[in-house]
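Next come two complexes, and both contain chain A; in the first it sits with chain B, in the second with chain C.
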Partner chain A sequence: MKHILIATTALSIAALDAQADELKLGLATAQTGGLAPYDAPVVEGIRIAVDEINAAGGIGGKIMIEMTEKDVRSDTAQTSISVQELVDAGSEAIVLPCDADPSIAAAAIVASAQIPAISTCASSPTLPLIGGDYVFANFPGDNVQATVSASWAFEQGMKTVFILYSPDSQYTTMPLYFADVMKSLGGEVLGEATYNIGQPDFSAIATQIAALDPAPDVVMTSAYEPDFPTFIKALRAAGYEGQVIGSDGIDSPTTFGLGDAAEGVVFSTAGHATEGSPLEGFNTLYEETTGSKSETVFNAVGYDLVKVLEAAVVAAGSTEPQAIRDAMANLEDVQGATSLITYKGTTGMPVRQVSLVRVKSGERELVGQPSPRADLIPAPRMQ
Partner chain B sequence: MELTAPRSQLAAAVLAVPGFVVLLALAGDAIGTSVERTIIVFLISLTAIAAMGLYSGNSGILSFGHLSFMGIGAYAAALLTLPAQIKGATLPALPEWLAVIELGLLPATLTAVILTMTVAGLVGLAIWRLDGSAATISTLALLIITHGILIGWRDVTRGAQTFFGVPRDTTIWVAAAGCVISLVVARLYRDSACGLRLRAGRENAIAAAAIGISVPRERFIAFVLSAGLMALSGALIAHFLGAFSPKKFYFTDTFFLLAMLIVGGMTTVTGAVLGAVVVTLLTELLRRLEGGLDLGFVEIPQVFGTTQIGIGMLILLALMRRPEGLAGLREWEEWLIPPRRTAVDPKPLSPAESDPLDAISLTKRFGGVVATEEVSVTVTPGEIVGLIGPNGSGKTTLLNQLSGVLRPSEGAITKGGKDLVHLPPHKFVDAGIARTFQNIRLFPTLSVYQNVQAAALATKGGRDAGARVAAALERLGLSGVTETMAGNLSYGDQRRVEIARALVCQPSLIFLDEPAAGMNREETDALMEILRKLNSDLGIGILLVDHDLGLINALCHRIIVLNEGKLIAEGSPEEVRRNPAVIEAYLGTSKKETR
Partner chain C sequence: MDLILQQTVNALALGGTYALLALGLAVVFSIMGLINFAHGELMTIAGYVLMYCGLAGIPFAVSVPLAVLAPMLAAMAMERVAFRPVRNASGATMLVTSFAVAMILQVLFQNLISARSQPVILPDALSQSVTIGGLIIGVNKLFAILATIVMLIALELFMKKQKHGIAMRAAAEDFAIARLMGIRANTVISAAFALSGLLAGVAAVLWVSQRASVDPLMGFTPVLKAFIAAILGGLGSLRGAVAGGFVLGFIEVFLAAFLPSAWQEFREPIGLSLVVLILILRPNGLIPAATLQAQKV
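Up next is the complex of A and B:
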């Protein structure tokens, strides 16, 4: 017992070893457990960005980034412990998991330590609101995605909509934002239906939609696997032929493998690698570094996170946590791998470009990368 | 409250708990920051593990469902402490009275504990009769159902979304207080009358029923009590994290806590503490290693997942090397402190009342097999009756019917005019019927004293239990081995413990199923002497099944003979010995021989 204690103490001290002129970046993310599929690829992107910056001599050519990584095992209690450890160890910026539970639990710790923290990929616009001044998000907010896809649909002449959402999670209520935007543009919501995540059968809802007269121009949902495939098949089988719009949750190989059912579906996502785009550049860098192709846009999202941090440190001219936070809150048009990123004027949820992608013959086709009109973006919904 | 452990041990156990917890809390408070947080989480986990052990350890039923109660406690307490302003913003559909209420942590926790115990009571009513794996599966169902309700009841719980804004009131001292409460309650329960009865039921349910223990009822009590402590741990974790959602109270955490309990040992509070300490230390060590380290001379690469693998290996290792857990079957003080019980003067056992037991036309069928067919017997207190017959003649089946272990397919059993056929097994002892079993059914991990004490506490309303136990042990000559674990005794001694356990119930009739089996001649003679004395001193009637015809002939006033499920002879030993049907049954048909 005594030996174990001595060993752990010695190891902790070794881990605390620090140098001057560096940014201490603490990562408390889920490398194992239910959140790992989201956090792990983001952290991969973070490492690539940090290595790239350090190889070039650090931020602004002088401030090296020193990373400390902790696995929070997708557990809220462990996140609060790990974040406290990172604070104790003198971290000047902290990365939080993708999920709201642990991020909110950690928010009180970073707030009292006055250290800025960024969630890897939480998309709920309420997170920074609840989390307070020191918590930032790094992903297009649900309300922003909905604004982009609704605006696009309206421009295409689709003026009537049916929404399908699930109150089971914040993310699956994205269609409510879509309906808000549609209404403020002058469109009409013909109806809505709810489902439970994991619901085995959607035929009743599909029949309800197909029976609407007049038929809605567009059906919008943020359902993801396994709900989206089940729903889209039932919907097409029921005879609905109009436009279906989804969200980044279906940006997966499954959707492109659905065949006729998913043909023509348009969804919003964080980025699309067009020729000569920064994302293509990142994908090349990723392949050079790791030897394999990037399979998910979450890699690039991790790269974005570090780019934001870099810009904040440059703007602050220091690694003092409060200065970084203040600078970050005023960042404008930071060039990330997926998009230009702006925090200025937001509550901590970045304004980012959103890509609209169409499923065409099992391939992805870029519809557009419009920036949302700020006045259209609905306020975050707390319930 | 009747406590069943030696006072010397229990006092040490109960005093050590606050000592241990306060030291830990002092250390956490002094070091502060992340160590303090780790210790708070440890204390809350331990609060929960002790509660899980209270039920699973004492009942022997592994429960996967206890995190339901942690969840209910967490949500209930958090709803009561959540500032009204946050409720207004995040839970607009709350009922008015709940929306405006804003309690402190203590009243909120108490309310949550009471509410959770009420829920557990309702659940318990539905599942209390289930045994073994059916009971375990039902707890699994409970976990899934509660999770579903927490997600589905959106107006109150915010569904699957984060429930946040809960005041962070769980300081290290609050967690320490909760942990002390849970550990002390769990420890005292284990050695309370209820706890001993439940442990007896865990060791052997049939024997427990035969001495008057309603095992389902004891399980129910433990279930509700442990649910209350789980709610306490839930309230603590809710007010530590400040933000949580239903998935915090589901499989992942269930397995994490169960791992601690299994590694340490389910049946003791020592095991709960040891498991929590070992798993936490291992986790903390591996967690620091997996992040990758440069020790100067060697660089350890970063490998996440080491923690889970390490804990998994620990469980495997524990299960292989120490299936009962690191602490084994005894509390630390039971290993270290010699047991000293306050001596109680034996109370002379009162003479038996004299109502005879009448069985009329008992028939028992197992499918197509008729084990006993229209057997009518009467046993009167004061007499010693032998029940003999070849193997498979239905002796044990008859005994099982007369003692309530089996219910007859047809026929009537009355004692003093009271119908017994429809009574549950544990009520037979109230009618003055006690028994021993052909295959000894002791409570092997309990001490000799506790074996007998469990029976004393379950009968005659537990009155004069100490004096009765002393008298029964004395009569069977067991006073010298009271603190030995019953399972470690010799065969003959185990038989005598079984008889002492039956005797302490103060029955008017004792049924003994092959009491002399496995005994040598001297032991058998000593046993005969004891039985004779029970009969002559106390007027207890004895119904004796044995293959030792010498014993039967020497002891019995009357003998009943069964063959192929039918009563073929009844009378004095002399009459039965000369009965042709008996000779035929034992030696084969004379017709065949003469043919």
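Up next is the complex of A and C:
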């Protein structure tokens, strides 16, 4: 009996210690399947940031971050299961996958457990609206990205647009925002086409666009791999020579390896490593840690996520989930690797910088990092 | 009018690729009664070979034959390791085995290569286009149509003239009698898998040259399309598989091209409804296999 008593006392002291000195971070991200191309690099960035913080003695020099990782296989149902498991295991903050749909599936679980959750890189502005008070995003919203790229196109004298979107996911409907902004600027939408994610052939749509007379000044899509490469190759082969605008989903090595077909494509993304920028610093850190160059901005986005969490824990002064959530909702100007990040005054969709990048000879070229006009940003489109 | 011709070229190219894929499934099905759902993974293997060859700086003209050879060997290995032990088992057992092979390969690709899709370096010429009689035709479309024609002729000759081809036709007609005539079961089945690997390899080169990337789950969509095309054409019938592939290609391209934009969202269900409609009219497929044992109930 005495032994048991000693043992339980020791255990409870250990538990108290654990509560005070570590933040239990649960990761329910897609390491396999369709979202893995985005979640895998984000989690790399998360690990780098967590290792850096822990090596320095933890958040504020005392709270170590302990991660539990689960693979949700890009599956919505598996995301709910994994998040439930993480909640049951006592996670104090949760990381959700890079898409609004699986993240929304987990929203009810984190809301009832009152644990803050942050999606790796979902960019649909509807996510925190549908997800509720406990769900945060970590990426420039689709409507903001579209405002930035449409404003740029309009300033360049491109007044007519053709959009290609897919109703299959929230993210792939970004061109609808683009069309809204173009229209409010005084531009014209010449046509639109839809596709299915994973569609094998885009030649019919490409032929349709190339046959438009007059040709649209710009074709905008938020298709990502493998759809974007298939589409752009078909579009160029069909003879369309105008501007093509994409979004952050094509910020990947494949796009830069497409050669002539992708030359001149402009896309909006979360950051660009200008000289002396924090992103350049992060890329150096990434190379030192992993031994290879960072191929996508999604690595840095993972680093941002942990920086936000760190700032929230520091502001909350505890690892109590509710306190972290409240602190996170009031964060202002947190310095991440890609940009300053603000949640104060938003519904959970952060205010962050958007970069416009052009593909030039297989390399990135910064077009600009303009701030969007607030009155142009379309309201989130609920489906 | 030009637009219709242009879309016909697109449909021919897509249909040709589907035809090659469906043929790959049909060759094995006609002999073993197995729908090999790991056929898509043979394509993924070919894709990775293209990717590694590109990284190693091997010229495209050399990497293409390597990318076609690899799935042939892989298909034969697949047969030896996974399908031979269950050869006489029920159709359901073989089907589940093929799903298992597909999943094991996918996880191996994810863990040993990368969960992310990898860029495949392709010659720039493939994304260009040529103008023939007012029609703008992408080089990779031309390539797809040519490859399909060459493959179909070669296959026809192989089946008609070559010893293994004749043996395969005999085995497809009646395996037991063919064996009594001295045809070795192992050889003919192995040859069928090699042939399906070859078809998967060629289709994979065409597929990858469109999308310029390869990922572990890449094989899923093509095998699904091939399955639909093979059923549409008449399971087990080689000519049927070709017909099914082309019909599916035409349905998809023409719906995408000419369906009113308000209906475009329902393109896929409408396309599949057309397939179902054809099957209602011709329950055994467009060109049923001569030896089809299926009965209408």
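Please note the rule applied: the second predicted complex is superposed on the first by the 323 of 383 C-alpha atoms of A that agree within 3 Å, B and C clash if a C-alpha of one lies under 4 Å from a C-alpha of the other, contacts with A are read in each partner's own complex, and residues count from 1 in each chain.
Keep this in mind: contacts are C-beta pairs under 8 Å (C-beta built on N, C-alpha and C of every residue); 3 or more make two chains touch, one makes a residue touch a chain.
Treat the numbers as computed from the prediction; the structure is a model and nothing was measured.
When both complexes are overlaid on chain A, the residue A:Thr160 reaches neither chain B nor chain C.
When the shared chain is aligned, chain C comes close enough to touch A:Gln208, but chain B does not. Of the two partner chains placed around the shared chain by superposition, neither chain B nor chain C is touched by A:Ser371. Looking at the shared chain after the overlay, A:Asn54 reaches neither chain B nor chain C. With both structures placed on the common chain, the touch criterion links A:Ser184 to neither chain B nor chain C. When the two complexes are overlaid on their common chain A, residue A:Ala108 makes contact with chain B while staying clear of chain C.
Once the two complexes are overlaid on the shared chain, A:Ser318 sits clear of chain B and of chain C alike. Of the two partner chains, chain C is the only one touched by A:Gly259; chain B is not. In the superposed pair of complexes, A:Thr289 makes contact with neither chain B nor chain C. On chain A, the surface touched by chain B in one complex and the surface touched by chain C in the other have residues 31-34, 167 in common.
Per the touch definition, chain C reaches chain A in the complex via residues 2-3, 6-7, 10-11, 13-14, 17, 107, 110, 115-122, 124, 126-129, 136-141, 207, 210-213, 215-218, 220-222, 225, 252-254, 256-257, 261, 264-265, 267-268. Interface residues of chain A, counted against chain B in their complex, comprise 1, 4, 7-8, 11-12, 14-15, 31-34, 68-71, 73-78, 80-82, 84-85, 87-88, 100-101, 104-105, 107-108, 130, 167-170, 197, 382-383. Residues 33-34, 37-38, 41, 89-92, 151, 154, 158-162, 164-165, 168, 237, 240-245, 247-248, 252-253, 281, 284-285, 287-296, 302, 304-305, 307-308 of chain B touch chain A in their complex. Interface residues of chain A facing chain C in the complex, by the touch rule stated above, are 31-34, 36-37, 40-41, 167, 191-194, 196, 198, 200-201, 203-205, 207-208, 210-211, 225-226, 229-230, 233-234, 236-239, 252-254, 256-261.
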